[in-house]
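Before I ask anything, let me first share the structure, which is written out below as structure tokens.
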Amino acid sequence: MDNMEISKEIQRISGVNPRKCMRCGKCSGTCPAYDQMEYHPHQFVNLALSGKIDKLMESKSIYTCLSCFACVERCPRGVEPANIIEAVRLWKIRQQNQNHLVADQIPAMLDEEIPQQALVSAFRKYKK
Amino acid sequence: MQVEEKEFKPTIVAFCCNWCSYAGADLSGTNRLQYPANVKIIRIPCSCRLNPMFILRAFQRGADGVILCGCHPGDCHYTTGNYYARRRMTLLFSMLDFLGIEKERTRVEWVSAAEGQKFAETMNDFVATVTKLGENHRLEDLRCKKQ
Amino acid sequence: MQRIGVFVCHCGTNIAATVDVKKVAETLLQEPGVVYATDYQYMCSEAGQNMIKDAIKAQNLTGVVICSCSPRMHEATFRKAVAAVGMNPYMLEVANIREQCSWIHKNIEEATEKAIILGRAAVAKVHLNAPLIAGQTPVTKRALVIGGGIAGIQCALDIADAGYQVDIVEKEPTVGGKMTKIDKTFPTLDCSSCILTPKMVDVAQNENIKIYSYSEVESVKGFVGNFTVGIKRKARYVKEDICTGCGLCTEKCPQKKVPNDYNLGLDTKRAIYIPFAQAVPKVATIDADYCTMLKTGKCGVCSKICTAGAIDYTQQDEHLEEQYGAIVVATGYNPIKLDAFDEFAYSQSPDVVTSLEFERLMSASGPNGGHLVRPSDHKEPKTIVFVQCVGSRSTVECGKPYCSKICCMYTCKHAMLCREKYPDTEVYVFYIDVRTPGKNYDEFYRRAVEEYDVHYIKGMVGKVCPEGDKLKVQASDLLTNEQLHIDADMVVLAAAIEADKSARPLATLLTASMDTNDFFTEAHAKLRPVESPTAGVFLAGCAQGPKDIPETVTQAGACASKVIGLLAKDHLVGNPCVAHSDEMMCNGCSTCANVCPYGAITYETKDFSRRKDGTLMRRVASVNPAVCQGCGCCTVACPSGAMDLYGFSTKQIMSEVDAICK
Amino acid sequence: MVYSYYPGCTLKSKAVDLDMGARKAAEALGITMVEIPEWQCCGGVYPMAKDEVATKLSSVRALEYAKEQGQDLLTLCSACHHVLKRVNNDMANDAEIRDKVNRYMALEEPYAGETKVIHYLEMLRDVVGFDKIKEAVKNPLTDRKIGAFYGCLLLRPSKTMQFDNPENPSIIEDFITALGATPVKYPLRNECCGGYITMENKDLAKAKVANIVNSAKDAGCDALITACPLCMYNLTQNNDAADLPVYYFTELLCEALGIGKED
């Protein structure tokens, strides 16, 4: 699949029409994980539109999104950048051997207090 | 005995809103954009003036296709006329379809006064579509039949 | 039976080259009722017109068909020609054999056949034509202007200047509108009051202008040239004609804790007040929600102190009716409420203000006499962040999908004024786009950046957090691709502007159409921008859409010229192609009235009994020909076929259909 | 009032305090919570992708069960509430997802989002009423300055969650007031604590927590309360200074109502 086709797929999976974006940058102004991201929410939207998904898929930014929905909440155009980030992440990890998290890594991450929820959600987000 | 097959030329009635499509048709004339001569235009003040009876009458009298052209949604000279027209035609066309007059024989198209090109294209396309469908005999009043 | 004459035009070779005009004339002569048919080089020429006139006289014609260019071109010419020899102009029809025949076809045979058919359709229609006479209605030579802001004021002054009477209905106690709240105006930075108050005085002193302040329109009847408008004069509990505006009562009233609307609630006023020093009319008003006397019956300080004896606690709302020929809607705008934009902490910190509030804070007539301090602690702000497009260009529920148009410029003005008056203040402006189309507008913006060193940042503020005495502003800078964190002292939000809340009910009263944003729709977006589609209703200012002062004044002037054009006529000649109802067929169901966009259809109960003794009363529709615009929507909606349209009657169109399909 | 109750995985293990407190308080307030038998884990994350259907099924099963019982579905954990409420919204409004899920589930009667999902706090506010709670309080928590930590999942996206004003919420503050304590509003109470990436990116989680804790302390909070086990973990375990106690809101509720841990 070429980039533009992937871009269309991303739009289908996310249910987001990136053309609605007016490039105000409010999503990035609101993002609590901004400083740890290489690509920021508004760039996700623009790159998804222009078909440069490959850059996003190779970036750690897709695992940095906190899924806090602040960008979704505050976007004045109803674009839902978080959905795009999730769709790109899914596109990546749905490929063979691209799981971001594998079960072997888990024991090292555990501590006494960690809630089940953290494990479940980490698997849900990072592994297929 | 061999019957010479005459080329089928459908009879098409086009109802055009005075404010937009009629002017659009004039513009396509001014720009010498051709469309078939079997399209005959009737001027009405607004697409909402189109009584469904006119369309039934046209089919009864032997028309093969009827098209209504009005202002683009939101641009009606009388503010809301084309919305009424759109709703009425939706109902009428589905009834006509039920009666066996194919959906392709009827059409609503929005053509503004500036869209001479679109008017000609629409008419060319519509005539081609109706020509493909052939003569219409549904609803036709045999007493009105051409000799 | 009609005696119809057919005239086929060659239009030089425009028609004659592809249409066999002779054959058209000959064939149409065979049509029933056609007693004369001819062709000529140029029908629209003097000679051509004379030919038609002569034929009408010689052949005693009752109807005429011209086969020529589009009726949009020369129908009026030909109608005038036939009218000159005594024929009713509506007995003429034009068959369009140029634009819709000769110009688009190449095959002579086909084109000629089509021309004949089009001619036949026109002949068939003329058979059913009836003489139509355009109705005339007298015009009441007085205009009503609803809204006394700069749009209303300018419009009223221009109309009055032409010698017509104008009434202004203003819902506030004073005229002046939003412009009275503004400190300086872009792009010249002259003081708003200084340019507005002289106009307010002009309005008050002009003998052609009457101001109904603290009043509202509550009913509208009638139609263009003849409106009857009901006006409610709200009780101000002060006799307007006696009060001298000395203001003593407003100083002595013991109820001091009334939010001051003039300063947008940033300070307080007394329960009896004059909105501001230059108010017109300069008359006190009692705020009934706060007045102790009106609420409890105990107090009466203002009454005791008023030497003129103007206070009247028993005053009631007054209702009156006036006649007008034209109505101007100038209801203006308001900034939207920012409750739904709490990410900017508007309701959480007094130091987050709207631009209009900021305007008051900067104004010499504002709560701090023009010394810019934070509302919370009255300290001078050192860092100010301006956020643009708050609620504008937003497609989510709480926002407005349109650009509010004025914010870029006023934000620029605020930023510039801050830097000028308080050079040690850091000023940031977050923008999505800077939109400055207008004479000297972009230059103004560039001056703010280049000379006043205002930090313009492309990006949007995501969140404002009040922490301690700071406002933590988190925003993006899209050009440097950074997230910015600014500790601001004040945040100013450029709130979107929306149509005044009174506009929607007013539109219903006027049967004037509105768009989904509650702005009044103009009759034509480009060519009739100050008229409403409803005849006799005109639009000025932000009631029609967001606009700045120069544009508003321009539009108000244009609006006035349209009103003057209407009032200058003694009678209005209508379009005779209007709907009419056959009373014998009408069943009074109201369907037609419901689809009519103009409110032209009313119902009356009529006596249909033969002796007129009231035994057979029926409710029937009646169309007001002065209001009907002739769209014909009602004719199709009518379930009993009682409605028909002159000039485009059902039978006429049917006959055209028949002629074409034959 | 009887509710179908969906506890979720964490409330059965690490967040027993949240669960037990809620049950006891409900009993005291005349609310019956019937745990859904054989509930399945909601997954902890709402699957945003339009083509994710399997991951929404467990939520639909719980929702469908409540529908059969004719009861509203009561939730306690913020994440479960978020997931259930949004899946329910999809079932009601997204025809494609609804059709796919129903075809997969092959229910007798298709499920179309009929169940009302209500959070325990909403139940306290809208059904019991904070004024009634105030009356029921035996040990008012006088003089305690408590900050509410809302986090993300209860509030956003507000269009679906309809929980409270997403930018300036007040429900937990009103709850704190009802218990007799003093609510402290601090700016970052609806900021993300970084809970979802606590395993993946400890540093980011810690940074986020530090911001929130500092904001709360600066505003004068003695303690924070939350409805989310993940926030609880994050705010306590990833706060290196460990200088701000965090409770589940149900713990304080029980304390104020005079219900001991052993009861």
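The chains carry the letters A, B, C and D, assigned in the order they are written, with residues numbered from 1 in each.
Going forward, a residue touches a chain if its C-beta (ideal position, glycine included) is under 8 Å from a C-beta of that chain, and two chains touch if they have at least 3 such contacts.
Everything numeric here is computed off the predicted structure, so don't read it as measured data.
Asker: Would you mind telling me which chain pair, B-C or A-C, is linked by more contacting C-beta pairs?
Answerer: Result: the pair with more contacts is B-C.
Asker: With chain centres defined as C-alpha means, what is the inter-centre distance between chain B and chain C in Å?
Answerer: The answer is 35 Å.
Asker: So how far apart, in whole Å, are chain A and chain C when each is placed at the average of its C-alpha atoms?
Answerer: Roughly 47 Å separates the two chain centres.
Asker: Report, in whole Å, the distance between the mean C-alpha point of chain A and the mean C-alpha point of chain B.
Answerer: The computed centroid separation for chain A versus chain B comes out at 51 Å.
Asker: Which residues belonging to chain B are in contact with no fewer than two other chains?
Answerer: Residues: none.
Asker: At least two other chains touched by the same residue of chain C: list those residues.
Answerer: Counting only residues that touch two or more other chains, chain C contributes 343.
Asker: Touching at least two other chains at once: which residues of chain D meet that condition?
Answerer: 166, in rising order.
Asker: Applying that definition of touch, give me each pair of chains that meets it.
Answerer: A-C, A-D, B-C, C-D
Asker: In their shared complex, at which residues does chain C touch chain D?
Answerer: Spelled out, the residues of chain C in touch with chain D are 341-343, 345, 347-348, 397, 465-468, 472.
Asker: What residues on chain B touch chain C, complex-wise?
Answerer: 11, 13, 22-23, 25-30, 32-35, 37-38, 40-46, 48-54, 57-58, 61-63, 77-81, 84, 88, 120, 144, 146
Asker: Please give the residue numbers of chain D that touch chain A in the complex, ascending.
Answerer: Contact set of chain D toward chain A: 8-10, 13-15, 41, 43-45, 47-52, 55, 77, 79, 152, 155-158, 166, 191-192, 194-201, 204, 208, 229-230, 232-233, 236-237.
Asker: Would you pull the chain A residues touching chain D in the complex into a rising list?
Answerer: Contact set of chain A toward chain D: 12-15, 32-33, 36, 63-64, 66-70, 72-73, 82-83, 86-87, 90, 101, 109, 111, 113-122, 124-126.
Asker: Which stretch or stretches of chain C touch chain A in the complex?
Answerer: Chain C reaches chain A through residues 343, 389, 393-396, 399, 430, 432, 458-463, 474-478, 481, 483.
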